[in-house]
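Okay, so chain A shows up in both of these, paired with chain B first and chain C after.
Let's turn to the complex of A and B:
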């Protein structure tokens, strides 16, 4: 029964965010085709065509655009061109992280904690189900929605990759699990803060403030106070989203496990709170 | 009376933001006179006017970054309350049977929020000015108050957007979420069109030789203050509560 309520409360938002992520993916897919065409035209019109000087042009191509040079030979010009290339990286880890942030925060504050503010918590907690059941149901519904929303950024790109004769999905899918896990951690944060404050808007504010502090404070301490330790720690946790290192390490185990632990920590904290907190 | 009600409802939030603002201003301004002496960072009082001016320039740069984040966040948070919070608290039955027109509640809640936003900006500016003055024993405040004015204008616009949306949708959460969603969609569309296809006109406005692609660009673009952009922001800020009023007056509550 509560499963239906949890789904009912968030389905409009899930639908909206899926439309948004798929739209962004389609826009970027069109951009990939546009770029593939422009580079194809450039190499075909150039007097020293890559077929004649493949080694030289491969080298200069790699030096100029290192993101695009991992694997996969496409379009027939001989240059290596990674199909998990710049626009897709930028889309998944630029807008992907933004979409993840918004969706995770939005779904997190739709949890059972908002019932305090609505004055319906007594009604919910007197249902014949253990208290932890509400939290786990929230998490199942929320994370399912989040995974679908974020997948909307990557999977709609596959037809566009096929259109430019790419040989596979490349690294773009390798980035998704980290994005899901980081999303789960942020979902956990907003779910927990909503539960503790008893209000969706207060939970949202507190979560957003926490995230801003997490991103701003280490950088400020580094730039202004010349203290590096906190920045290094933060950078390690965001290693999977490191622009420079990413093509070399498409899947970052350390950061993924870290965020998984954080997500589980928030789940445990929410379970403890609803179990032991006197309503 | 309703003004006092709005003020009371948000006062704990205001106090929290004031404390946060003061802490952030200290974080931003205190290190401006720090220098590395034999491998250690220590505070060194500026020896001459040029050093003091440099310290002020650095401080102003830091404060501008902190101020814009602080005020924008506070504005989005505060704007999503107001009449939207009354809907969330199910107070409309009581509120709307008072002998006042609906527009009275909209504008009173709006001015209560703007007043709190102004207080936040003023106190943050005061803390940063005082700290920089104490550290350098000199005052070069022109750019700082201009930047604060611009940040306040921009945050007032963000406040108006959040306020209008939360009033129109009848939910404080919707207002908060919609503002952030709109901002992200705006930047996403702008960046997609610019990066992938070179269409740079979206979201940008050309004023003579200045191309402003964001409302805050004019503040960071140099010494020239572009009052036209400021006026546009003020006009939009004034228009939005009017739209909120129209929506609220026609709403079936």
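Let's turn to the complex of A and C:
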């Protein structure tokens, strides 16, 4: 069945990206420990060296949340400290955004649209199944792969977080849904463009061009013609992915829902295309 | 149950101003082998694609196995085996994997037939499709169509790349294993010899219109080529006359029946009958579709008589 073929076509890419995201996460986890050690070294020299070390263990330093809260102003941290605030935790999602972008584009172009260019669309569409079935199967397989890939960013961090703090990982997982949703939108873009152009390479090129336009056109309009409306709009849509603000900022429902609507829009466009397009 | 496996009425498919299929009327009886013939660009593949829902008809109607192509496509595809013209399947999969992909779609799929035909046609089941020769690619396409338990096989240029031994085997399999069980074979091909060998019916299409649809047996028994000599120009008109070829003072008439009566009419007009010959499918096809332009020698070619 097509489910088997869809998985067969993208499983190598899913495996590759899982390795990539887990590697990013492990490196960032190690980075967290290195940063914690450097902060520890800083406070060892500092007159406000902590006397109580409840809740921290396993490494050469011992700290606790009340200490960090108390001394937050030293490092310019005004908010209540959470271990997820280590810069490397933000960066894991910074790196993760790039991994998400590549994975979503790569999985999208491995959808049914590539069969046009390969000359095999006849063979696919003469299988006795409604045409929408092929699109939905692609999406199920692609998004499942994407969720697993992106989860590879966060879950490998958990042991590091538990390793340095007995109270657990904080809200590190809260960044995942936003990545999933943006990933779905980019997957939808590359899946649709591949379907329309009938070629994986053309679909990838068109998707990349679309993303670059989305990224740079508003800024260019702002710089060259002082038109701010589009820049403000795009900045609003990317608000959910402002990792510097996260995780202290509240979850950005508006932008997340916007990207969910974009993803559903691309899904609908792909369904319409395959239903009405002739081979 | 409808007696026709394929029935089109005024079927049309236009691409802009190009009329690829233009009011096509086809009647393919169930249980028959139907040879669907035509020159390049005549509209054969467009017709096949329209029957399978890959293209949407611009006009007319088409039923396959009693199902409407516009409404009941999944039911049609479930019962129809299709070998496409381009013989391209998924390049990264092996035939065994392509079988795995296909088998879930067809309730009557037979893995026993897969094993039998893979052995018979010598299909390399574990080599990726991209690495197969054209002949082996064609075999894989046939393997899939033959094993799905289809009531109708639509084969577009079925023998491309096949050696004579495999072609012979394939034609025997079609007749002995499928037609004998009441299944229908719709053969779109340029290989007139193969069609003539197994077909019961033929349809000849030109510029999207059907020129001739008849039993092959009718061609063998009734169609005749009448060669005659003339000294003065003679105009003949008859519903039985389907093609005329003129060369200097000789003229060949292709008639569908009553050749003796037609010859008597020529004699009555002062022509001398040289011979009356039975014809084969190729002569009928050429007579109907060859352009009425001078050949290389400068002599006039065949002129098809307007209906």
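Rule of thumb we're sticking to: the second predicted complex is superposed on the first by the 234 of 279 C-alpha atoms of A that agree within 3 Å, B and C clash if a C-alpha of one lies under 4 Å from a C-alpha of the other, contacts with A are read in each partner's own complex, and residues count from 1 in each chain.
The criterion applied here is as follows: a contact is a pair of C-beta atoms (placed from the backbone, for glycine too) under 8 Å apart; a residue touches a chain by one contact, two chains touch by 3 or more.
Here the structure is a predicted model, which means the values were calculated and not measured.
Using the contact criterion defined above for the overlaid structures, shared-chain residue A:102 touches chain B, although it does not reach chain C. Look at A:2: by the touch rule set out above, it reaches chain C but stays clear of chain B.
Legend: residue contacts after superposition of the two complexes on their common chain; A:126 is shown touching chain C, with no touch to chain B.
Contacts of A:201 after superposition on the shared chain: chain B is touched, whereas chain C is not. Legend: residue contacts after superposition of the two complexes on their common chain; A:279 is shown touching chain C, with no touch to chain B. Between chain B and chain C, more residues of chain A are touched by B. Here chain C touches chain A in the complex through residues 49, 52-56, 74-78, 80, 82, 84, 86, 88-93, 97, 100-102, 104-106, going by the rule given at the top.
For chain A in complex with chain C, the residues that touch the partner chain are 1-2, 4-5, 8-9, 118-120, 122-123, 125-130, 278-279.
Remark: chain B residues 27-28, 31, 34, 36, 41, 62, 66, 69, 73, 77, 80-81, 85, 88, 172-173, 176-177, 180-181, 184-185, 188, 191-192, 195-197 touch chain A in the complex.
Within the complex, the chain A residues that touch chain B are 20, 24, 27-28, 30-31, 34-35, 87, 90, 94-95, 98-99, 102, 106, 109, 117, 200-201, 204-205, 208-209, 212, 216, 220, 224-226.
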